[in-house]
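Both complexes shown next keep subunit A, but they swap its partner, so subunit B is in the first and subunit C is in the second.
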Partner chain A sequence: MTIDYHAILPELILSGTILVVLVADAFIRPRRTWLAMPISLAGVLASLIAVLTLIGSPRTTFNGTYRVDNFALLFKVFFLSVALVVLLVSLRYFREGRWYQGEYYYLLLTSFLGCVLMPSSRDLLMLFISLELVSAPGFLIAAFRKSDPRSNEAGLKFFLIGVLSSAVMLYGMSLIYGVTGTTGLYRIGAALSGTLSGGKQTLAEAAILFIVAGFAFKVSAVPFQFWAPDTYEGAPVPVAAFLATASKAAGFAGLLQLMFVAFRAEYAFWTPIFAALSIATMTIGNLVALQQRQIVRLLAYSSIAQAGYMLLPFALVSADRVVNHDAFAAATTYILIYAVMTLGAFTVVIALSRESSGLLISDFAGLMRRAPLMGVAMTTFMVSLAGIPPTGGFWAKFLVFKAGIERGGLGTALAVVMLVNSVASLYYYLLVPRQMVFVEPETDRPLASPALVTGVAALATLAILAIGVYPQLFYHFPPLSTLVGP
Partner chain B sequence: MSGWERSAISIATFLPLVGAVVIAFVPKEKERAVRSLGILFTGAALAVAVAIAIGFDYGSGGGLQFELDTRWIPVIGARYHVGIDGISLPLYVLTFLLSFLCAVYTWRFVPEPGKTKAFLALQLLLETGMAGTFIAFDLVLFFIFWELVLVPMYFLIGIWGSANREYAAIKFFLYTLFGSVFMLLGFLGMYFRADPHTFDILKLQAVGSSGGFSHTFQLVAFAGVFLGFAIKVPMWPFHTWLPDAHTEAPTVGSVLLAGILLKMGTYGFVRIALPVLPYAAQKYAPWIGLLAAIAIVYAALACLAQRDLKRLIAFSSVGHMGFVMLGIATLTPIGINAAIFGMVAHGLITGMLFFCVGSVYDRYHTRQIADLGGGLMQKLPYLGGVFAFVAIASLGLPGLAGFWGEVMALLSSYNPAGVLNTGLFRGFMVAGGVGTVLTAGYFLWMLQRVNMGTVPEKWKEAALPDVLAVEWVSWVPLLIGIVALGVFPRIVFGVTDGAVRGLMHLFGG
Partner chain C sequence: MLSEYLPIVVLAALALAFAVASLVVSSLLRPHRPTPAKLAPYECGIEPQRLPKGERFPVKFYVLAMLFIVFDVETIFLFPWAVGFRRLGLFGLVEMVVFIGLVFVAYLYVWREGGLDWNEPVRRSGEREQVGEALRAG
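Presenting the complex of A and B:
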């Protein structure tokens, strides 16, 4: 077997960086341990450049279990960009918190390595390894604020739920192997599209159910969402940002491949499940979010509700290739735009966390006066999360609506549920701008926000507005359809 | 086509947006510069709009002018298609006129808590959204402009409004958003039902008039867009956001809300709902007429019960928009012409009424009719005179702008389109007639309580300034407009008639 080293170059660079960070930490003087951040940053940048060199014809290696195509490249670029942002906003947070910095960057990069592997994994085993690589370091960094019991709780909850979901998923995967005799996604797809004998059919459906349940934990879909708000709240804020964006997107990247490639033939069985998951997730997420007083919990429930919107396109899959294609594009676009706005919102929260440990929504009072840039940025993110034009969030929702109407029938009903939900969500998203603009601050002192954090927030705002005004920007990526076929 | 013709309306529409960005970068200490920039940008945009109105070919009938149809978002099939015709032009020019006058008014009157810079920037942002709605000929573009007004108006009400501002602001936002998302679903339905798929309003009109949409689909899609437009108008019973929003908003916000934002809804009916879904329009027309007739009578009765001057004016808007909707519901050229005339007249008159109420509040710091206690004519003769004049224009005195829209709406409902039940619409006409009497009643009663009588003791000694120079500058154009439209209704009818007939031809054919 020959290995295409160019195809895995980004991952090799990232792995090398991880080792360097780990070893270097042992030799750097304690006061300089923050140096792990620039080292990581350089590694991620190099890896990003390596990904860019791969643009072109698709490459396959490791006997077809690993594929670098447009879909994979898009997600790799996305994950590495998120990594850059999370690294940038982590620096001050972890320096000032005096938590172990070398270990943190090491674990964070390992998680991102899993993320980057995920969209290329075209094999159940590869997929499972990538997913575990994302989650396992996540358990640790969620509990990184060691002195705070809430952080311990965060890590423990995440760990217990995480291993449980992995076990369920792995069991489902073993059943699929039993039914089809293969672990390759494309071959599973081919095997399932043939006729299965009665018993095998039942077994395949049970397996799909297990796997979907496992992923539902990862993307915090109702009824598997309980861990998310507690974990986000207890974890260090940059880690919460990572969990709500990259980790969730990794789950969706895996789910997209499984559902649109491996299990598409069985859509009649699983689309109703996704319809129910989607409705329950968005409705419960929004209803609970309405009651939140703490910003990270608000964002956590918002991210649950948003996961509901992302699950909706899965329920639209049918025999119609055009609709499948549009649903796939809608889900992918939603995940990417969602990540930008959520990451932006967490960035503002990180800036605020330096002076408010409780991170209540009322701590945002008068922020528009105290830090106009942050105020405008946060308003943009909130309005965008609610899906109001002219922001990026509108197009994300628009594409989902559009796919729903195109599908007709069930799709139209789902679109109606989703839009009632998105109107209701506006109420809690506006709570934050309301505090920032309408309520007088206790102090007029400007918010001392680190330059890196401010810069990231400004960049995310520009991105959201640019996508909002000229969404064509977003579609200059190579066609996303490589996975769903011609 | 020259570059000017291709880009003129885009320039006028986006100049305010540029202004908003420029103002955002001026240091907030430079108050005068901020205010000057506000007047400068709205003035420049108005100048471009006037130039467009001058360059407009009034003889050409229904076609689009100053049209630009170019690539925007190919992946979803949305194009940047803008243009202007006889239906858009009066509303388009009105938008720039009112926005400019509001900027002039802001030179002197910035409501509490100040923050002139943000106030003007939001006003300018709002202007772009409003103007864009009237020129968009692509459903997606239309929707973007339509929604663009929400965020600025939310903040205008929420920051600079009166006591109950936050409630009014969120109610306005949620209510209109709720309607517009259903409208969006209707738009998407139209897109997928049209073959080939298109968001282009002109192409959809062609599909609609040639029977390209099935009857069932039309009924469903009409319900969706109806909800969006009806809430914006607002039609009874979707009007409950309006009294709160108008009453709590700062003067400038009320002027723009009443003057232009409401017209976006009625314009949507004329531009999109009727021509694209003609069968459904015929089926729904009696119901729309019914709601309109109820709105006219209900609003008049509600006005009789108001104690707050501004709330009274706000409710009167519901009634006036009822006349507009009644005209639209008749599905006749006369009715649609009356509706557009009514929109423009209502924009001038009610805008002016809100200016007056704002200035009364500025002097007296109360809007309660009982607290004002009468004698406005004696205390502030000019302000009282202007107020009386505008109130009388609003009740529809012949010779002033308010008259034509109402009387022609009633006239058209005497003889509605052939497919509609004549008897029913004559019933609506009677209800509308009763409404005009009640309208005259509450306006005259209001004048009696506010303008007439003697000045109460508590105001006798108060030094209250009469109409200021800034107010004259921002009001005179509106006052002239009210007289001019009353005496020469052709100013509007001459512009709209060709386009309306074109539209109705499409509709009937």
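Presenting the complex of A and C:
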């Protein structure tokens, strides 16, 4: 067995950076532990460059369990970009809060290492290891504000739910291995598309149910969503941003591979499950979001509702290759655009968290006058999350909607539910711009936002508008077809 | 297919029935004469002691136990490698050096953070979170 070291170069660089950060933190003077951030940043950039050198023909290594194709590269670039953003907005937050810094960057990078491994894992074991690598450091950094009971609660809830969902998922994986005799995703797909004897068929369906339930916890789909708002609220804001974007996208990357590669033959069994999950998730997420008065909780419920939209394309899978392709492209595009909007919104919240500890929506009062750039940015993100053109969020919703209509039947019904939900969500998304524009602030003092945070918010705004005006950026992705085989 | 599991179910039922029956029968037959010594929990012949209220263990025991496990696992992994040393060749050697290097980094970290000082650990990193911060946030 030879190992293709070039294929795993981005991961090797990231692992090396992780070690350097830990050693550096142990040896540099306490006043300078923030230096872990530039070190991490350099490592992530180097890893990003290594990913870009891999563009071209797909590579496979570790006996076919690890595959670097266009799908994997797209997600790797995405995860590393999210890592850059989270690192940039973390610097001032952790330095001023005087939390442990070296350890934070170490754990954050470890989590991102799991994210980067995830889209390449074409084996149940690899998939499980990557998923755990994403979650385990997440438990710790969610509880990073050690002296704040809410942060402890966040970490504990996330830990218990995470471990439970892993156990459920692992049980399902063991059943799949029992039915098909293999852990490779492609070979599982081949085994399931053949005829299974009666008992094995039932067992395979039970296994798929367990695995989907496990992933539903990870992506916080209703009825497995209750941990998300408490965890996001208690965790440090940059960590909440990470959990709502990269961690969730990693769950979806795993789910896409499992459903479109390994379990596609059983679609008649699992598409109704996804339809129910999707409707419940978007409806309950939106209804509960209507009552939120705290911005991080609002964003948490918004992220739950958005997960419902992302689950919708899974319910459209059929025997038709074109439909599958559209559904796959719609889901992937939605995940990527969603992450940009949500990261942007959290960036503005991080800027605000320097003066408001409660982070209520009413704290946004008059922000448009106090910090025009942040105000415009936040308005763009909220409008985009609601799905109004000319923003990226519109195209994300449009693609999912179009895939649903073209599928017909159940797809049309789902698309209509989604449309109704989007309209309802307008109310709470526009609450924030309303506060910023129409409500008088208590003070006229401009909001002091760190340059890095402002820069990231501006960049995310530009990205959202660019996608909105020029949707081809995301629309004609050749990579999206690589997983949806013939 | 399910019928293959019948013997297991029968065994489980028999075990349960036996356990319940022995407890019931012995409680009916035995004389009931409790003494303090009989009622005390059995601790290998040692007098059971109740810890004073509010007693706390120093958390360093926990750190020590965790460190022990880390290095214990390292040793366990060294054994199979030593057994297959010739067949694994240079590749195995490099892999093992990488593995030991990883654990060594963890060791460095623990040492610098004062995890190995038993009395009054020398806290190196001056960044303690402020309690005032938490009160303000709460």
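Here is the rule we use: the second predicted complex is superposed on the first by the 481 of 486 C-alpha atoms of A that agree within 3 Å, B and C clash if a C-alpha of one lies under 4 Å from a C-alpha of the other, contacts with A are read in each partner's own complex, and residues count from 1 in each chain.
The rule is short, and it goes like this: a residue touches a chain if its C-beta (ideal position, glycine included) is under 8 Å from a C-beta of that chain, and two chains touch if they have at least 3 such contacts.
None of the values given here were measured: they were computed from a predicted structure.
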Which of subunit B and subunit C A:Pro390 touches, first, second, both or neither: first
Partner chain(s) touched by A:Gly455 [first = subunit B, second = subunit C, both, neither]: neither
Contacts of A:Gln101 with subunit B and subunit C, given as first, second, both or neither: second
Which superposed partner A:Pro441 touches (first subunit B, second subunit C, both, neither): neither
First (subunit B), second (subunit C), both or neither touched by A:Val416: first
Greater residue coverage of subunit A in the superposed arrangement, subunit B or subunit C: B
First, second, both or neither for A:Glu406, with subunit B first and subunit C second: first
Touched partner set for A:Pro58, first subunit B, second subunit C, both or neither: neither
Overlapping contact positions on subunit A, where the subunit C interface meets the subunit B interface: none
Interfacial residue positions of subunit A with respect to subunit C in the complex: 19, 22-23, 25-27, 30-31, 33, 97-102, 145-150, 199, 357
Subunit B residues within the subunit A interface of the complex: 72-76, 140, 143-144, 147-148, 150-151, 154-155, 158-159, 166, 170, 173-174, 177-178, 181-182, 184-185, 188-189, 191-192
Residue numbers on subunit A that touch subunit B, as the complex places them: 383, 388-390, 394, 398-399, 401-402, 405-406, 408, 412, 415-416, 419-420, 422-423, 426-427, 430, 434, 437-438, 470-472, 475
In the complex, subunit C residues that touch subunit A: 1, 102, 105-106, 108-109, 111-113, 124-131, 133-134, 136-138
